[in-house]
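For reference, chains read A, B, C and D in written order, and residue numbers begin at 1 within each chain.
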Amino acid sequence: MSHRGYAVETLNLAVAAFLLLNLLAGLGRVHRGPGAADRMLAALLFGTTTVAVLLLLAEAMALPALRDVALLLVLLAAILAVAFTRIPRRPDGAGR
Amino acid sequence: MTLAELLSTGLLGLGAAFFLTGTVGLLRFPSTFARLHALTKADNLGLGCVALGLALQADSGWVAAKLALVWGLALVAATASAHLLARCILRERGGTRRTPP
Amino acid sequence: MGLAFDLLLAGGLLGLALQVVASRGLFRSVVLFIALGLLMALAWARLAAPDLALAEAAIGAGLTGALLLSAYRALQPAEEAADPGPAALPRWGALAAAVLSGALVAALGWAALGLEAPAASAGREALARLGESGVKSPLTGVLLGFRAIDTLAEVVVLLVAFLGARVVAEPLQRAGPGPSAPGSGEPVLTAPLLRLVVPMGVIVAGYLLWSGGHQPGGAFQAGAVLAALGVLLRLTGRLQPAAATSPAERLALVGGIVLFSAIGLAGAGTASAVLAYPEAWAYPLILAIETGLAVAIALPLTLLFSGSAGLRWRER
Amino acid sequence: MTQAGLYTLAASALAGIGVYGLLARRHLLRRILAVNLLGNAVFLLLVAFARRQPGYVDPVPHAMVLTGIVVAVSATAFALALARRYYAETGLDHLPEDEG
């Protein structure tokens, strides 16, 4: 465990839990859509939130390697958007 | 509690608030573009606040530098993704076959 | 607080998985599955397995998502088809099977958790003898020192998957992510994004490779990052699919296996056993093997995504 | 409840969900997703198991799962290639024996 106080550690975990809750709430948008782009957008939000949670966990659990995980996620985040734009859409905006 | 810890706590709280704003925008805003706008800004500000707050807790400069790098890359990724998505939605709606800039 | 976070995470994982299976729209399922990968990375983080989190992040963000999205595109019918409806097996039958299998796994898990901890597990022995493996990271030690045969076989599996995909390959035009939408130029931000992400990615892969010796990271993670970069370059048209595998690609595909096997067999003579390394040389040898492995992991994965036999660079 | 116990339970439920998806849905892509869920459940079980003793993490299951993640993605890629070819040949997105 970290040499820092118990209070700071708990705070970091609490913020991480709050962000995770945010992420799960955002699932509603994936569910509702209406378009494919809205669903993809929500998935991109999850990426940013996960990065923040990983940074907090790295500090709270004293596992510095988790910062490398966050670095990887932000580095590769754009790939999903690029892959998404390669899917052709039908005129009715379907793809749900 | 030292000043750094106090500041760090405040920044983490602020970051969490920004993330909450982003989620509310994602769920409540009426159009895709409005949601795109809300997310890319609020979330990355939130990530910046969290990273800064954690940098204040960090015990070495390297950790702070890595946090800054993560945030910088997140900004780049968000910019590119938002641009690509917005362009894709515009096409999908058949709008604005605009000339290249 | 930690347990609260774990509860939330486990609940989120299950909720997501349920929606992946049950949701009506196929695209929705694909996106939810991609989100599930992120939560899995968080679960590995919570279970103190940063190596797995690294691999999951690189593969989930860079490979699985792109693979599924291009398969979704390929399987998309020209007309909106009716929902295929339920399977031949009735719903209640499937549900019963699911509950039974879940209960079976739960029973197995509880039984295993309740077992008296063995006094001498392979893991403890590996940790105790880490000094002999020539590296400081327990995981790299296990992967390349004590269980090297698994790692070798895994690269062979990758090669076989690639060969299998060649057998069922589609025409080059339709393969992989398919042709880009006609009549649209490249988005303005693509080129600057690539100029930043690709060199950074190569540096990060090198860092992971180097750090594998003493902290989380290693050939698997580095290979996954390189493969993700290959996917990005293929998606943006920098790498074009080719109908033939070039000699350099052939070398990279089998090089890791050949190098690994050669050093391993040599170990039979100089060290105690097959796939054992002479002690003084263990670290440099492991680094050389890891580099070969990273390439031997990255190339088949990129080719599997590309759906082609080879890749050619195209300057823009 | 311990952390390992919690994740073991989650892995069990995940396995159940995977089996349900595999049996109850017909679309090939959905079936591939379900198999992946099942795989993730097994990985989760192994890693939770590696952590059952406090203060000690067993590196051997981690090594197995790390290999497993890469094998799973290559198998998925092959399955997707197979499904795509099947669809290109027959125009079906499900297997004929699943027909009503």
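Basically, contacts are C-beta pairs under 8 Å (C-beta built on N, C-alpha and C of every residue); 3 or more make two chains touch, one makes a residue touch a chain.
Model, not experiment: these values are computed from the prediction.
Colleague: Tell me which has more C-beta contacts between its two chains, C-D or B-C.
Modeller: The comparison resolves to C-D.
Colleague: Quick one: report the Å distance separating chain A from chain B, using the average Cα coordinate of each chain.
Modeller: 11
Colleague: Could you work out how far the Cα centre of chain B sits from that of chain D, in whole Å?
Modeller: For chain B versus chain D, the centre distance works out to 32 Å.
Colleague: Approximately how many whole Å separate the CA-defined centres of chain B and chain C?
Modeller: Taking the mean C-alpha position of each chain, the two centres sit 27 Å apart.
Colleague: Would you please write down the residue numbers of chain B that are in contact with two or more other chains?
Modeller: In chain B, residues 73, 76, 80, 84, 87, 91 touch at least two other chains, as defined above.
Colleague: Show the residues in chain D shared as contacts by 2 or more other chains, in ascending order.
Modeller: In chain D, no residue touches two or more other chains.
Colleague: Counting only residues that touch at least 2 other chains, which ones in chain A make the list?
Modeller: In chain A, residues 40, 42, 47, 64, 71, 75, 77-78, 80, 82, 84-85 touch at least two other chains, as defined above.
Colleague: Check the chains against each other and report every pair that touches.
Modeller: Every pair of chains meeting the touch criterion: A-B, A-C, B-C, C-D.
Colleague: What part of chain C is in contact with chain D in the complex they form?
Modeller: Chain C reaches chain D through residues 2-3, 6-7, 10, 13-14, 17-18, 20-21, 26, 29-30, 33, 36, 40, 43-44, 46-49, 51-52, 55-56, 59, 63-64, 67-68, 71-72, 74-75, 77, 81, 84-89, 91, 93-95, 97-99, 101-103, 105-106, 108-110, 112-113, 117, 121-124, 126-127, 138-139, 141-143, 147, 150-151, 154, 157-158, 161-162, 164-165, 168-170, 174, 220, 223-224, 297, 300-301, 304-305, 307.
Colleague: How about chain B: which of its residues touch chain A in the complex?
Modeller: 5, 8-9, 12-13, 15-16, 19-20, 22-23, 26-27, 32, 35-36, 39, 43-44, 46-47, 50-51, 54, 57-58, 63, 66-67, 69-70, 73-74, 76-78, 80-81, 84-85, 87-89, 91-94
Colleague: Within the complex, which stretch of chain C touches chain B?
Modeller: 181, 184-185, 187-190, 193, 196-197, 200
Colleague: Over in the complex, which chain A residues touch chain C? Could you list them?
Modeller: 10, 13-14, 16-17, 20-21, 23-24, 27, 30-31, 33, 36, 39-40, 42-43, 46-47, 50, 53-54, 57, 61, 63-66, 68-69, 71-73, 75-80, 82-88, 90, 92, 94-96
Colleague: Could you list, by residue number, the parts of chain D that touch chain C in their complex?
Modeller: My answer: residues 1, 3-21, 23-30, 33-34, 36-37, 40-41, 43-45, 47-53, 56-67, 69-71, 73-78, 80-85, 87-88, 91, 93-94, 97-100.
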